[in-house]
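This is the structure, below, for whatever I ask next.
So that you can tell them apart, the chains are marked A, B, C and D in the order they are listed, and the count of residues begins at 1 in each.
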Amino acid sequence: MQKTKTAPTSSLCRFNESSIFIRDRDLCEELIGKVNFTQMIFFDILGRMPSRTEEAVINAMMVTLMEHGLAPSAIATRLVYSSAPEALQGAVAAGLLGAGSVMLGTLEQAAELLEKIVQDPEGIQSAAEKQARWYRENRLPLPGFGHPDHKPDDPRTTRLFALAEELDISGRYVQSCKSLSVAVDEVYGKHITVNASASMAALLCEIGIPKELMRGFAVICRSAGLVAHVCEEMNNPLAWTISQAAEDAVSYRPNEPA
Amino acid sequence: MQKTKTAPTSSLCRFNESSIFIRDRDLCEELIGKVNFTQMIFFDILGRMPSRTEEAVINAMMVTLMEHGLAPSAIATRLVYSSAPEALQGAVAAGLLGAGSVMLGTLEQAAELLEKIVQDPEGIQSAAEKQARWYRENRLPLPGFGHPDHKPDDPRTTRLFALAEELDISGRYVQSCKSLSVAVDEVYGKHITVNASASMAALLCEIGIPKELMRGFAVICRSAGLVAHVCEEMNNPLAWTISQAAEDAVSYRPNEPA
Amino acid sequence: MQKTKTAPTSSLCRFNESSIFIRDRDLCEELIGKVNFTQMIFFDILGRMPSRTEEAVINAMMVTLMEHGLAPSAIATRLVYSSAPEALQGAVAAGLLGAGSVMLGTLEQAAELLEKIVQDPEGIQSAAEKQARWYRENRLPLPGFGHPDHKPDDPRTTRLFALAEELDISGRYVQSCKSLSVAVDEVYGKHITVNASASMAALLCEIGIPKELMRGFAVICRSAGLVAHVCEEMNNPLAWTISQAAEDAVSYRPNEPA
Amino acid sequence: MQKTKTAPTSSLCRFNESSIFIRDRDLCEELIGKVNFTQMIFFDILGRMPSRTEEAVINAMMVTLMEHGLAPSAIATRLVYSSAPEALQGAVAAGLLGAGSVMLGTLEQAAELLEKIVQDPEGIQSAAEKQARWYRENRLPLPGFGHPDHKPDDPRTTRLFALAEELDISGRYVQSCKSLSVAVDEVYGKHITVNASASMAALLCEIGIPKELMRGFAVICRSAGLVAHVCEEMNNPLAWTISQAAEDAVSYRPNEPA
């Protein structure tokens, strides 16, 4: 745990008997009924209201990531809800715990890779080729590339890149992502899908969201998706079916001591 | 665990190689870049797009509930983040777990109480008086009434009721809440604050959100507030201060066996 | 949140530069290498060392409840682990969240029911008949009765009751449980399995564990069982199989707005 | 998520109407009433019963790590419990989430460092000096060294090393830890405390526990400690005091946009 060097302070909230201030703005006078949820999220996290373009990018990211069907985290949420229906928050928390390095971590890693390309003094094209070769030679998974279900292209990437054009933010990060895709196809000798993590990372970089905060936005919209699963589970329970299917799919293996 | 009676199905998501459908709408063609986060949340949970008014109410609720300063759940999030900074999702999950009966449960209970008043055949005023007397006589806590910090009135309630007027949804639930407030003041012989849980419950009831889904919306916006605390903690760590303050505030008591 | 009325104190732990005391005992001099895990759990929770009999009952309960195979909570743990392998603690936490009212709550409820029978002034047999009739008439689930897999008897109950004889603690709670079983079979007109929740509750009541602490002991041994699942998952991953089986078992249903 | 290459199997549990088998042993005939909690944990995780010595080491580790007083994870547990008392499992889960890299990760890292020393062909003493210099030169934190409260020595380390002698398992890992301590004091020019993570890692290595499973054992005994905090919180609530102390310790800082 890090010791605070200066006086311990927080800017998020203060209140008195008649008013509440969030980051210096009067919640009741300036925020409720005046700003929407997306603006409030951006404001609470970053301390300033988003521009129209920033708001559009955050909305696009939130809409893209919210719902993934019966993915592992949604299954965890539904099973926990069925075992402890008195604590909806626990079911959502269980699913969020699955939003770890494998799924949401790639967003950060993709952003990091794009940053390296953008900051390379040799220029985007040359840097993209260098990175593609490096990952290939080291046989490491390329963050933001490949998808088990969407081929040859991830429709979300196509859409997000088109949106970047519409919003006029198709800058060096989007360019780096596209150059990397060209370089990857050449170096690997086949077309590899640019997945939604890569294109989302590019758009978030374009509007200046620090990469360490990206997982935060992702967690917010995943929690919304998990709530939708709990709500469906309330009226249309799947937990028993899932649990039974899991049991049936796995057979017993005689014990071997470790 | 409840056994599904019919064939196990889900309407949330399906996909193929080139498209993703969320509740029958093409994610890339119809949703990304077309709808905002609030609309998408409402759509994913309830299966239809919100009207302008419904969207405004959900936004108002989300903005109202997001940020509570160093409340217990935010403290839990900050302490867990400082102990396991590699897993931001775990820190948010820890805080969400505190979104239980004490805080968010009141939203549901307040909605239930307002429903009873609205559905009472003797009319709102008479029903409100009956309920106020019942809670007083049974010495039970009145859901949605009382607040430790805001007196005489909770500024959020004042604002939310004004918003209901603006949006022209000040119907039977808002009326029940106001009548209950009058009855409560008379029965208890003093003014008791109508807190934000009561007024939010009234507005959500007015747009027809089932009370068992209310906690779901609350969990989504609390997760956003908790992300803001993690993000502040990254640059401005408070965990050590909090932990130290807690230790200093508690003294050792010799052991007494249970 | 409850305000402490007296000075805030804790008896669990104090330390100085050279010593650590847990509930007044020197951790290094009196506990490490001197007491086992079960004794330490009992001591940390209840403030005194268990007797031989108490220790045997806690061990029996822990051994009985630890491992349940691919139950919903173990599935949640495995899926979360596979999505966030960097955070083993998150995977265990996710599974623990499923240890709610449906599974572990029955332990408390069964204990409550046995207490009612034991405390009934009309005597155990008459009280058992009264309770059986009451549950039957009100068509409520009988806590601790019925099991989907074990018929006609739950082998754990048979074993736990035999252990109670061995330990010479087969007193009024075990007797109440047995009388209730006889009454239930008569009132319902068929044999209903006395499951492990009922027999464990009886044994824990016999050694005086307050019913509100029972879930605590259950949570500890469930966490051990979930760790075993994570450890197996490390070398023998099932998450993909489970996830795929769940997807295959659920079909898409066209959206119907709520 | 890793795809299983062979048929998906699990050895943990199988059952039929009349019997339950855990890793091939009959739960009711061979385990309940026959083995204790520590033996069962070892058996469920590793697939074989521990020897007397292995059992003693696991007990010592569990007893050492269980209770840490008002540490960040215990505070998180108490705050979450006070906000959602209906879900004890959520409170324990919240605290467990804080058992991350900062606290429990050091156990693994210390084990890894000791392994490097043991496996170094140049011998323990030379390897210990090499490692001490490497950490010093790279200004990296030395896993298992240093403690804010215990000076000059951590009493748990003194006790655990004495226990290793008693159990006659003071082999190459314990020796490596002691050699490393000598080397560290020389290289850093001052005495640095060998903390309990280092000595526990040494003992667990001596009995052959793979380092990636160590966090699992730690999570189990931390969950027991957190249950003790919930149980104390039930009768002696500290959450309000802690929460108030935290608020008082932190002052408001005017907002600065990120």
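Note that contacts are C-beta pairs under 8 Å (C-beta built on N, C-alpha and C of every residue); 3 or more make two chains touch, one makes a residue touch a chain.
A quick note: this is a predicted structure, and the numbers were derived from the prediction, not measured.
Trainee: Name the chain pair with more contacting C-beta pairs, choosing from A-C and B-C.
Mentor: A-C
Trainee: Count the residue numbers both chain C and chain D use at their shared interface, divide by all numbers used there, and answer same if that is over half, different if under half.
Mentor: same
Trainee: Quote the value, from 0 to 180 degrees and to the nearest 5, of the angle by which the CA atoms of chain B must be rotated to coincide with those of chain D.
Mentor: 180
Trainee: What's the farthest chain from chain C if centres are computed as the mean of the Cα atoms?
Mentor: A
Trainee: Could you please state the distance in Å, as a whole number, between where the Cα atoms of chain A are centred and where those of chain C are centred?
Mentor: Roughly 37 Å separates the two chain centres.
Trainee: Could you grab the centroid distance between chain C and chain D? Build each centroid from C-alpha atoms only and quote it in angstrom.
Mentor: From the centre of chain C to the centre of chain D is 24 Å.
Trainee: Report the inter-centroid distance (CA atoms only) between chain B and chain C in whole Å.
Mentor: 31
Trainee: Residues of chain B that contact two or more other chains, please.
Mentor: 1, 8-11, 14, 45-46, 69-70, 72, 82-84, 86-87, 89-90, 93-94, 97-100, 102, 238-239, 241, 243, 249-250
Trainee: So with touch defined the way it is at the top, what topology do the chains form here? Options are line, ring, star, complete, other.
Mentor: complete
Trainee: How about chain A: which of its residues touch chain B in the complex?
Mentor: 1-4, 8-15, 17-20, 22, 27-29, 31-33, 35-38, 40-41, 44-46, 56, 58-60, 62-64, 66-70, 82-83, 87-90, 92-94, 96-100, 104, 149-151, 153, 155-156, 158-160, 162-163, 166, 212-213, 215-217, 219-221, 223-225, 227-232, 234, 236-241, 243
Trainee: Chain C touches which residues of chain A in the complex?
Mentor: Checking each residue of chain A against chain C gives 69-73, 75-76, 79-80, 82-87, 90-91, 93-95, 97-103, 238-239, 241-250.
Trainee: Any idea which chain B residues touch chain C in the complex?
Mentor: Of all residues in chain B, those touching chain C are 1, 7-11, 14, 23-24, 45-48, 72, 84, 86-87, 89-90, 93, 97, 102, 210, 249-258.
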